[in-house]
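What follows is one structure encoded as C-alpha cells, with my remarks underneath.
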Amino acid sequence: MNITSYLIRGLATGGQFALVAIGYTMVYGILKLINFAHGELFMVSGILMIYIVADLPTLPIGLAICLMAALTVFIGFLIEKFAYSPLRSAPRMSVMISAIGVSYLLQNLVSYITGGLSKQFPDIPVIGESVRFLGIKDKLTVFLSPVIAIVLTVILVQIINHTKFGMAMRAVSKDFETSQLMGIKINRVISITFAIGAFLAATGSVLYFAKNTGINHLSGANPGLKAFIAAVVGGIGSIPGAVVGALIIGVAESLAKAFGLADFSDVISFGLLIIILVVKPTGIFGEKTTEKV
Amino acid sequence: MWEKNKRTICNLILVGLIIVLLICIDTFAPATSMWFSVLRKVCTFALAAVSMNLLNGFTGLFSLGQAGFMLLGAYTYAIFTIPVNMRSNVFRNYGDSVIRFQMPLVLALILAGIVAAFFAFLIGLPVLRLKSDYLAIATLGFAEIVRGLVQLQSFGPVTNGPDPINMFTAPKSIMVYAAISGISILIIVLMINSTYGRAFKAIRDDEIAAEAMGINLAHHKRLSFVISSFFCGIAGAMMAMCNTSVSSVSFTTSMTYQILLVVVIGGIGSISGSIIAAFIFYASSEWWLKFLDLETYTKAGSKVPLLGPGFRMVVFSVLIMIIVLFFRQGIMGTREISVYDGIMKIRSVFVKDKAKGGESHE
Amino acid sequence: MKKMMALLLSVVMMMTLLTGCGGAAAGGSGSAGGTLTAYVLAEKGDTYSLGLANNFKTAFEANGGKVIMETFPTNTTNFSDYLQKSLDNKADVIFAPNSTTVAANLLANANDLGIECPIMAGDTWESSVILDAVKGTDLEVYCSTFFDESDSSSPAAKDFVAGFKDWLNNNSEYKDMNGGNDIVAAVSALGFDAYNVALAAIREAANEKGSDLTSIDIANALWGLSIDNAVTGKIQFDQNGDAIKDSAYIKKAGDGAFEFMKVQTSPNNAAQGTPADYGNATGVKLDTANKKIVIGVYEPTSGNNAAGGKQEVLGIYYANSLDDTVKIDGTDYKVELYVSDNGSLEENAVTAASNIVGQGALVSLGSYGSGVSIAAAQTFEDAGIPAIGVSCTNASVTEGHNYYFRTCFLDPFQGSVMAQFAWETVSK
Amino acid sequence: MSKNVLRVENLTMQFGGVVAVNNLTMEINEGEIVALIGPNGAGKTTAFNAITGVYEPTNGAVYFNDQLIIENHPQGKMKKLYAGKNSDMYKQAIVKTPDELTKLGMARTFQNIRLFKSMTVFDNVLTAKHLRRTSNIFTATFKLNREEEQRMREETAELLKLVELYDVKDEIATGLPYGKQRKLEIARALATEPSLLLLDEPAAGMNPQETEELTKFIHYIREKFSLTILLIEHHMNLVMDISDRIYVIDFGEEIAEGVPAEIQANKRVIDAYLGVSEDE
C-alpha cells in the first residue's frame, strides 16, 4: 500500500477545488453571500468548452479556452447583475433563495440542452497527456493542478494586498456602507469580484474536466459543495485559507478511498465541515469578528 | 358566538368542502385517473412545505436538511411495515432484516416522526448556534451524511444498504394521505397560534429583543427544529407510501430545493400559502405541464420548437426566479387564507357598484 | 502575509518529501501464480449494478478466485483512486457493471493510469459510448449482451438486423435516437421481441375470449407462450415469469464496432411456468369502442439511462411499423404505442406507470433499468396489466410480482456467465 | 436603608485594547429611580448591555437582590491585554443570558427601538407574557391552557390601556409614531413582570411636552408596579426631576455620584459635558 498515489491525486483534486473555493470565499467576503450557483458556473464552463470545440472545430484549443473563460466571466457577471444586485437590500434569506434558484436554473437548462446525457470534454493537448511522475502514471493536469492553484493564489493575494483595487475590495468586505461613503463604487467592485471568481472557476474547470472528462448537468453540484467546505475550513473570506482548506479536503478524501473507507469520503468532508463550523467557525485563517449590537 | 370567531367558522366550512371533494374523487374517480398519484404527492409535499415553513418562515431558521429528515422518516416507516413473511425477500442481500415484527400504519408513522425528531435533536445541539447561512450549509451537509450512511453495506440488515425497500404497506386511497397531512398541519397551525408560536415569530423578527423579553433562544430554536423535523419525518413516510418503494437515491438536495421553492411560491410565513403552492407546483409538474416534456409534432409534422425532455424543469426554474426576484411575497405573503374576508371584499366590490349606480337619485 | 506563505510552502514540502521516499513503482498487473484476483466496482443505489456485482462475486469466488468489491457514490466522476486500488491489489480482471455515464469517466481514468488487465461489464456497456471511450486507447474491454448483429445463425435475427438498419438509415430522427449510427444495439433486438411476444399473447387471448378479452387473459396467455424463432433466441417464461435463457453473447469493444467473441453458455434447466393465480382481478377491458389496443412503453427517455432507453423504444417502434393490427372477432384493432418517460429515476416510476394505466393500456413494455421497473411493479399489478421487462436483469423485478415478465436473462445468470468468461480468459 | 436591588462591582468592559467601561461600581436600592448619565461615547450603553447579559463583562461582578448573578475575570488573550484594575478579586466565571436575567426580574428597553416588526401592538406585548407561562408545548398547542391564555390577554389589554395604546392595539407596531413606539416598548418590558426596569434613553427623540408626560408616566408605573428603575438619558430636565440619585461616567470611569442637586453643582460633571480640559 503506497500512499504516494493517493496523496498526489488528493493534492490534484484539492488544487482543482481550490480555484473554485477562492470564488466562494471572495464573494462571501464581499457580499456575505454563499454563492450557491458558483458550483454550477464551474460545470457550465465545462459544457461551454464542449460546445465551443464541437461547433468551432477550426478554432485552436488555446483560443477556445480563452473564449470559454470570457463567456464564463460574462455569465458570472449576468448572474450577479440579475439575481443578486436587485436584492442588495433584501433580507439575507431571499438572496440565498435567489442563489439556489440560479443554481437550479443552470442545472435544468444544461440538462435540457444536453438531454441529460453526459458529454465528453475535448482533449486538452498539453495537460491531457499521460505522464509518469514519482512512479505514478496519470494525466499531467493531476500533477499540475496544485501548482497552478498556489501560483494563482499568490498572484491574487498580491493584487488584493498591494493594488488600489485590492484595497477597495478589502474595504468593501470590511464595511459596506462606509466604503460607499468613501466614494468606492460598490457595484463595480462586486462585479469585478464575481468576474475574478468566474475566471478562476473557468481555469479550475479546464484542469478538473481534463481529468474527469464526462460532464453532465450534475457535475457541478459535488465539486461546488466540496469547494465551499474548503472555503469554510480554510476560513471564509481568506484566500490562502481557501487553498489550504481545498488541499486538506482533497487529501482527506483520497486517503479515505485508500483505506477502503470509500463509502465514507462524502461523509468525511461534511463531517469536517460541521466540526469546523462548531469548534472554530472562523476556520484556520479567518479572524474573529465580534457582532456589534 | 358568530361575531367572535366568524373567520374560523368560514375557514372550517372551506375545509369541510375540500374534504367532501376529496371523498368524491376517491370513490368516484376511475382507478386509473391521474388524480390519485397527483393528490397523494400534493398531500405529502404540502406537509413537507408546511413543516419547512414552520422553521424557515415562522422561526427564521434557514435549514436545508429536509431531505435528510424525510429520508429517516421514509426508511423508518418502510422498515417497520414490511409483512414478516416478506422480510427475507426484501433483505435478500443481507441475510434477513434485524426487525422481526410488523407495525400498524399509524404507529409506524409516529415512529418515523420520532426517529427524524431524535436525529434533529442530535444535530441541533451543535448546529443551531450557527448564523443563518452556515446553518443552511451545515444542515445540507447533515442530509448528505444521512444519505451516505444509510447506503452503507455494513448497515445492510437494518436499512437494506443501497438496495431499495419495497413490499411495505402503501395505502391507495387519497383519504389516508389527506387525513395524515390534515391532522399534522392542524397541529402546526394550533401551535403557531399558541404562545409558543408567538415566541417563534419573535425570534424571527428580532432575536436580541426576543431574548431580552425572556425567550430562551437555544430552547425555542431547538423546539422548533425538532418539531419541524418530526413532521418532515411523517412527510417522508408519506412519500414512501406514494412511491411504494424507498431508496436513498431519491432524497437529494434538489428535493429540498423543490420544497423550499414551494414555500417561496406560497409565501414564506403563510401556512395556507404553502398548501396552495404545493397543490399548484405538484399538480402542474406531475400532470398539467407534463406536455412540456413530450416532443410533440404539429399536424404538418414539423416539431413544435422548445418542447422536449427537461423543458418542463426549465420553465419551472425561470418561473421561480421571477417569483423570487419580483414577487418576494409569493402568493399569500404572510397572510393566511380567510374566506370571511374574501367574501366581504367581493361583497364590498358589488355593494360599491350598486352604490355608484344608485348615487344619481339620492 | 509572511506567516501564511510559510505555512503553504511547508504543506507542499511535506507532501513532496513524503512522495519522494514512497516512490516504489506501482502498476503492472497479473499476479505471479497465486489465486486470481478480481476488482469489482459498483454504484451505490443502482440496483442493476449492485445485483450484477454481487452475483459475479459469488460465482468468481466459487471458482476459487479472490474478489475485492467497492461501491462509489452516485455522481462520482473521478475513479482514479478506485482504479489505483485495483493496481495496488494486482487485480487480474476488473468487473464494473455500471451505466454508460459512469463508464465514460471510468475508462478514461483507466487509460490515464495505464491499466492493462481486461475490464468487463454487463449488457449496459454494449453501446457507442464505450466505443468512443475505447477509441485511441489500448484498453481491453468486454461486455455480455443478449444479441449480436453479426450472429447469422438464426434467420429471424438476420432479417431483423437488415430491416432495422434500413429503417434507421432512412429516417434521420430515429438514427439520432440510436446515437447517430446504425449499429444494432442488443436492447433494440429485445424491444423488438418483447413487442412481438405481447402481440402473440394478445392474439392467443383473442382466440379464446374474442372481443371481451381483458389484460388478465393476456397475462394468462403469456405463461403458456412459446416462441422459437424470436430474434434473441427461444422465449418461454419460467415460474417467475423470466425467459428461460442459457446463453449470452460476449463481445469485445473493438475500433469503432463490437467484435463478437463467443457465446458463453451456462446450464439453465428451468421448466415452463404454470399460470399464476390472478384471483378475481378484472384487469383492463379491450377498447371495442374505438377499436384500438394501447401498448404502454415504460422507458427512460431522459436522465442517466436515456441512451439505452431510447434504443429499446426504437426496437419497439420498428416492430410496431411491421405489425400494428390484430384481428379480433373479424374486426381489425389498431395497435398504438404510448411512450411514458420515467427519467431513469425511481421517484418518477409511479407517476410514469400511472400515465400508462391512465391511457387504458393492455400491456406495458419496459423498462431499461431494474430500479425503475421494480418501482412500477405495484402500479401495474393494481391495474391488472401484465408488464414485460425488456432488458432489466435484476432478479427482484419478477420475484414476488406475478404480473411482471421478462424476455432477457437475469443478473444471477449474467453474473455467473461473466465470472466464468473472466476466469477462462485470465487463467489462460 | 431599604433592600439593595442591584449592585455592580468593579465592572470593566474591554474590546481588544479599548477599555469602554472602567471599574464601574454602582448601587440601586428598592423603589429608587437612578440615572446613569455621561457625554456621548462615555460607555453608558456598553455598561447597560454588560449588566443585561448582552455582553460578557471582562472583569467585575453584578449582584441582584444580594444574589451574585454575573462574575468574570480576564481570561485567555485578555489576561495579557487587560488594562483595568483589580482583576485578581474575581475567580469565577458566571455568565447569564439576557433571558435568564429577565426571568429573575430585570426587564429592559433598547436605545434604538426593537419592536417585533411583523406583529400588532397587542401581540408585541402579549409575546412578552410568554416568559411567565406555566404551560408547556403540548398544553399550549392543544389549548389546554385556556385560562392562562385568557389571563395573559387581560393583562396585556390592561397594560395597553395604561400606556393609552389600547385603541391602536390591532395596528402593526412599527407603524406607530415614534413617541408611541417608545411607550409600547416600555409596556412590553412591563409585561415580563419585572422588579427592576432598565430604560435605555426612553425620551430620545421626544419633544418637551412628551418628555413631561413620560416623567409623570415613569413615576406612576414605579408606584403601580413597585419598581426600581435604572435609566440612561440625555434630557437633563427629565433626569434632574425624576431621579433619586445619579451616577455620572466619562470615558468609561465614574466621575461623580449623588442626588440631582449635587450633580448639577459638581464642577467635574460640568467640565466633562462642556469639554473643558481638566488642567487644574
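Order of writing sets the labels: A, B, C and D. Residues in every chain begin at 1.
Throughout what follows, a contact is a pair of C-beta atoms (placed from the backbone, for glycine too) under 8 Å apart; a residue touches a chain by one contact, two chains touch by 3 or more.
As the structure is a computational prediction, the values presented were derived from the model and not from experiment.
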item: Between B-C and A-C, the pair joined by more C-beta contacts; value: A-C
item: Of all other chains, the one whose Cα centre sits farthest from subunit D; value: C
item: Centre-to-centre distance between subunit C and subunit B (centres being mean Cα positions), rounded to whole Å; value: 35
item: Interchain centroid distance [CA atoms averaged], subunit A/subunit B, Å; value: 32
item: Length of the line joining the C-alpha centres of subunit C and subunit D, rounded to whole Å; value: 74
item: Where subunit B touches two or more other chains at once, by residue number; value: 148, 151, 153, 208, 309-310
item: Subunit D residues counted as touching two or more neighbouring chains; value: 54
item: Where subunit C touches two or more other chains at once, by residue number; value: 44, 71, 73, 302, 306, 343
item: Subunit C to subunit B touching residues, read off their complex; value: 44-47, 50, 54, 71, 73-74, 301-302, 306, 341, 343, 345-347, 349-351, 354-355, 357-358, 360, 371, 374-375, 377-379, 382-383, 395-396, 399-400
item: Contact set on subunit A toward subunit B in their complex; value: 32-34, 82-83, 86-87, 90, 92-94, 96-98, 100-102, 104-105, 107-109, 111-112, 115-116, 221, 225, 228-229, 232, 263-264, 266-267, 270-271, 273-274, 277-278, 281, 293
item: Residues of subunit B defined as touching subunit D within the complex; value: 187, 190-191, 194-196, 198-199, 201-202, 204-206, 208-217, 223, 227, 269, 334
item: Subunit A to subunit C touching residues, read off their complex; value: 1-9, 11, 13, 111, 115-118, 120, 130, 134-139, 142, 146, 150, 153-154, 157, 161, 211-216, 218-219, 221-222, 240, 243-244, 247, 251, 254, 257-258, 260, 262-263, 265-266, 285
item: Touch list for subunit B against partner subunit C, complex; value: 31-34, 36-38, 41, 86, 89, 92-93, 148, 151, 153, 162-164, 166-167, 170, 172, 242-245, 247-250, 286, 290, 293, 309-310
